[in-house]
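Accompanying notes for the structure given below.
By written order: A, B, C and D. Residues from 1 in each chain.
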Amino acid sequence: MNWTINMFYFFGLLAVISALGVLFTRNVLYATFFLILSFFSVASIYVLGNASFIGVTQLLIYVGGILILMIFGLMLTTKLSGKVLVTESHNKRMGVILGVVFFSVLSFIIFSANFEVLNKSVEMPKKMIEVIGVDLMSKYLIPFEIAAILLLIALIGAAVISEKRKEIKE
Amino acid sequence: MSTLVFFLPFLLMYTVFAVYAERKISAFIQDRYGPMEVGKYGWYQTVADLLKLIQKEDIIPKNANKTLFMLAPIVIFTAIFCGFAILPLTSSWVGSLSQNGVYFLIAIVSLDVVGILMAGWGANSKYSLLGSLRAVAQIISYEIPVTLSVLCVVMISQSLSLQEISYQQSVLINVFPDLESTKNFLFGIKTMAIDVTAWGGFFTWNIFRAPVLIPVAVIYFISTLAESNRAPFDLPEAESELVAGFHTEYSGFRWAIIMLSEYGMMLLVAILGVILFFGSWNTPLPNIGNITLANWTTGQPGTIIGNLWSILWLISKAMLWVMAQMWVRWTYPRLRIDQLMNLSWKYLTPFAIFLIFMSGLWRLLMI
Amino acid sequence: MITVQHFLVIGISLFSIGLSIVVIKKNAILVLLGVELMLNGANVNLIGFSINDPQIQGQIFALFVIVVAAAEAAVALAVVVRMYQYYATSNVDEPNELKG
Amino acid sequence: MNSLETILPFSLLTQFSLVLLFMPFFSFLLLSFLPLKNRNGAFMSSFLLFVSFVIALFLFANSWNNPPDHSRWVWFEIGNGILFTSGIWLNNLTVLLLLLVTFVSFLVHLFSMEYMKGDKGYNRYFSYLGLFTFSMLGIVLSDNLLLMFVFWELVGFSSYLLIGFWFHKEAAAKASKKAFLVNRIGDLGFLIGLMILRSKYNTLDLETLTSVVETSDPSIYVAALCLFGGVVGKSAQFPLLVWLPDAMEGPTPVSALIHAATMVAAGVFLLARIVPFVPVEALHVMALIGAITAFMGGVAALRQFDIKKILAFSTISQLGYMVIGVGAGAYDAAIFHLITHAFFKACLFLSAGAIIHSLHQFSSKNDVNFDTQDIRLMGGLRKKMPFTFLVFLLSSMALMGMPLFSGFLSKEAILMASSTMNIGWQLVVPVLAFSSVLITAFYVTRMVVIIFFGEFRLPKVKVINTPNFASVSLIMKIPLGLLAIGSVFVLFSSNPFDGSHSWIIKGLSSHVAIHSAIVSYGSITLMLVGMGLAYAKFKPSGVYVQNLHKELDYQNKWQSLSFNNWHLNKIYDVVFIRQIINIANAVKTVEEKMIDRIINYFAIFNVILAKFIGLFDQYIVDGLVHLSAFVTSAIGWLSKNIQTGKVQTHIVWAGLGILMMILWFVV
């Protein structure tokens, strides 16, 4: 148990620090790799939170899918001129204030709330993945199907939107 | 622990000999000798090469992004080596008894794309960048048929756990905690009522339990060739076009690690393929009446003899798979990039989806 | 013992950082990254809430969030690519035709 | 709603009468708004009128001597429950008049088709005719006084349009204005009468009024006289008879339609409608007015040289007869006279129109300019226009009251009725009525002899190259012939000497009309005397007629009196118009000298006040406005910065909003 909580702290810190890295680095590519690290840590946190399936899904979809896509997008939307890819920042004051205020308000709420009931240890199902599978195919069938349709629509939509058209503004 | 204790040293050894094997096989296919000078039949050629590589200077291009450039081989190797962590080596020796083994494997393997991108971008070379983009596009595209073919197996075996999948193909099926009363039938067709549970051997391998998996195995084989950037899908490192693709700028030890990763990838997909389709660590020999060949050549789980048999069968089957990969490499010409994508999206993926459907139907025959 | 609060703190940290990224960064891709980070923060919360739930509703919810995030990322990226084609920039503050 | 005024259902006859009513209205609308070429509009208009006429025939066949058919519905409501109804009342009187109006109107349409040929406002003319016919039919059909008043005014308006049809002629424009204004004076009386009746009896429905009005009520006496005021205006009775002669400026077929057959008869029709509840004293007053009018009109007709003016004064005189008839208690006789008069007078007008038309063509053919209506320049037309002469003669006989003609029958009936008024001052009525017979005979004979006998006098004044008349076209002859047939007795009574046996009189009243041979013989004698005197004076070989083309308008004051219509125009000018102008001038002086000055001072005061208010406005009110504007613009400036058009700024504000919500709901 001690080992678990230590791992949790480690990955939690890693997630937050690499997220901060995304925030503070000016190099776009670094930011993306920081984010990969952060998501990787978050996946680990999921695993520690007894949600290994979600953890792996996180790895598969976020790290293996979305972020790779993002890096592709980056490479497609910047001119490859050998320069270091940097992004500028603006609204710095507002962004930081907003983040800090959000963080403080939400943490104030969290620490003032009572989580006793939620923290009571309960017998968890052995085969978590079976629960998820059965639930998805019974209880959550309609959301599942809707999500499928949503994905299809997004797929087609993304293809249509990014299609090259002739009337490109110079 | 199997990963560190067994696979790391094994991977190093295997790479050395795989490179040698590759040279020799290519030589045989091209009707020549291959390395012959260093040691008997050139046995030590690869070792000598390795020594040379370690001695070589670690060159980092001036305009490269140093961090990414240096980090990339490690990331690639880590991602692939992570995959070994959940492989069941024997009936009792398994890296991580994860319930989501296959799923994790697919996820973690795709991470090497990150490393490839880092390498390609970090080198700040056009060849590298184009190579890495090609690699990534290829790997992401071929992940789809790989995942779908794996999904076929998952539908047949109703599990994501690699060890459970292994046991299902074993004569020891009833030893596994959740499978005490499970029976295997010939071709998985229950109505035929030919109980092969006690036969073991190749009768209980997945391609025999559900023959629908044979085309799935073919798809898996083709797609994993592309996944590991092997010929005929080695466009990312097409010498004639891109010098050496994303690892053009690497040299010495880092280049060695990249090559190590590539061969590691080959081994990984080979072992996974063996586990999924060809009986995992199980013996191909069935029990024939009183001659319980299967039981003899499997041993009891947990015993040393059992572990040794398991390792033998698993590794030998994987080696055969790797040999097949090499065979293909030296036989077929390289595809064009559009043919590559066509193959994935227009043929393999739809066919794999169809096979998922067929697998579902087959599964209905099994219960 | 990992409690719900542990998850929540990490969740809100990620969320706040993501929000700051969304506001601060100029590059559209980075803004998207911020959004993804915020979604992850939310997901961490969901996982945290389901650690002691035998029905693991939080996990399933998180699954759906990830699915929707994937769809969102695909479409958003397509939009960014299109924007780059059209405006020849991927900075979100440059296409300001909505400005009154 | 008044308990007596229930809603009465729509009957089939009512629906037919509505169709009949709106046919001419459609004609008006179509001709006003469709760009019709040539004579299509006239044909269409005449056709619609013919449809109306056919329906009128149908209604007549169904309603004559049958129980009245009355439909009534709520028209509008004022305030809470004060209802006004409207409806259609078909009784003998109504259908008779419907038949007359549609028939005469149709014939006038036919006649006008030829008469107005080549006029610029051809379609406009027919659309006005449609409107007029519609209004007249409305008067006839409506079952209550208010609706009738509405149509009454419409009739006034459409006659204004028709009289002033050639508005580019100053005389026509003036005449139309005069007709309109003089009618207004009478209509004021009508309106007051309506108000009295409504306030007293709470209804204007004729059928209801007949049953509720008590004739002993003094207010009904006033109301009846007020309504009679309307009649005086519309039917050109004394003292409002000045407009009718001037109205002859309109096209001649119009005069035939509205100044002989329909509009001027509307007054008599109104009297016939209200007579059941009019007190006897009021009737006597009406009879007196009628007698005065008959006499004055007759006298005024004596010395006219304009053919249409003679007919106009004759019409006034005959209308006077009708009013005498109503006043003497024989409204049936009055209506009878109305009908017969409509026929022969319309015939006379149309014949006059034919003559004028022919002379007009003659003048343009010979390229000479002369007054085509002046009888001094006519003469001898008997040979040149034989058909016209024939119909003119027949109608003239009827007008004089020659036995065997329709006019004799109706005039006899009126004279019989007037002869019952023989007490005290009432004796004036029969005396004037009988003397008018002689006068009528005199001026009619004068007119016929001067126009048709002797020799054509125009060549004496002007040089004529081709002294040939164009013959009257068939389309003009048909109406003339039909109307002339209406002047013969057989249409109305089997007995040529006794009007009381006429089916019209029988159909209109139940009481048995008295018949006195003395009255008949007396009137015939008087007529013959008048004819003889006239012939003696105007015989074609006489000195007077030989020098007629050189005759002046008048030579002595008696002639002047007749020629100038008793100097009524001059009297009104002196008595009313001058006085009113004087009063107006006085008022103007007061206005200029006193009120304007007060207003000026007030204005100066106001200007001074305004200066102060202006200062107040500038610094305090405007200051407030500027302040608020400044505050608003400041807020706008502040909020403008929120709208940067940049996504991320919006996200900041959205985030702050969510934060607020979190604080609101959670903390």
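To be clear about the criterion, a residue touches a chain if its C-beta (ideal position, glycine included) is under 8 Å from a C-beta of that chain, and two chains touch if they have at least 3 such contacts.
Just so it is clear, the structure is predicted and the values come from calculations on it, not from any experiment.
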item	value
Third chains touching both chain B and chain A	none
Chain ID, smallest distance between chain and overall C-alpha centroids	C
Longest centre-to-centre distance from chain D, chain (CA-based)	B
Between chain D and chain A, distance of the C-alpha-averaged centres to the nearest whole Å	95
Intercentroid distance (Cα basis), chain D paired with chain B, Å	115
Chain C-chain D separation of Cα centroids, rounded to whole Å	90
Between chain A and chain C, centroid-to-centroid distance (C-alpha), Å	6
Overlap residues in chain C, where contacts from two or more other chains coincide	19, 22-24, 93
For chain B, residues that touch 2 or more chains besides their own	none
Sequence positions of chain A contacting 2 or more other chains	53, 57, 65, 67, 72, 90-91, 94-95, 98, 102, 106, 128
Arrangement of touching chains [line / ring / star / complete / other]	other
Interchain contacts, given as pairs of chains that touch	A-B, A-C, A-D, C-D
Complex contact set, residues of chain D against chain A	648-649, 652, 655-656, 659, 662-663, 666-667
Interfacial residue positions of chain A with respect to chain D in the complex	90-91, 94-95, 98, 101-102, 105-106, 108-109
Residue ranges of chain C in contact with chain D within the complex	19, 22-24, 31, 92-93, 96-100
In the complex, chain D residues that touch chain C	640, 643-648, 651-652, 655
Residues on chain A engaged by chain C in the complex (per definition of touch)	1, 4-5, 8, 12, 15-16, 19-20, 22-23, 28, 31-32, 35, 38-39, 42, 45-46, 48-51, 53-54, 57-58, 61-62, 65-67, 69-70, 72-74, 76-78, 87-92, 94-96, 98-100, 102-103, 106-107, 110-111, 115, 118-125, 128, 131-132, 135-136, 140, 143, 147, 150-151, 153-155, 157-159, 161-162, 164, 168-169
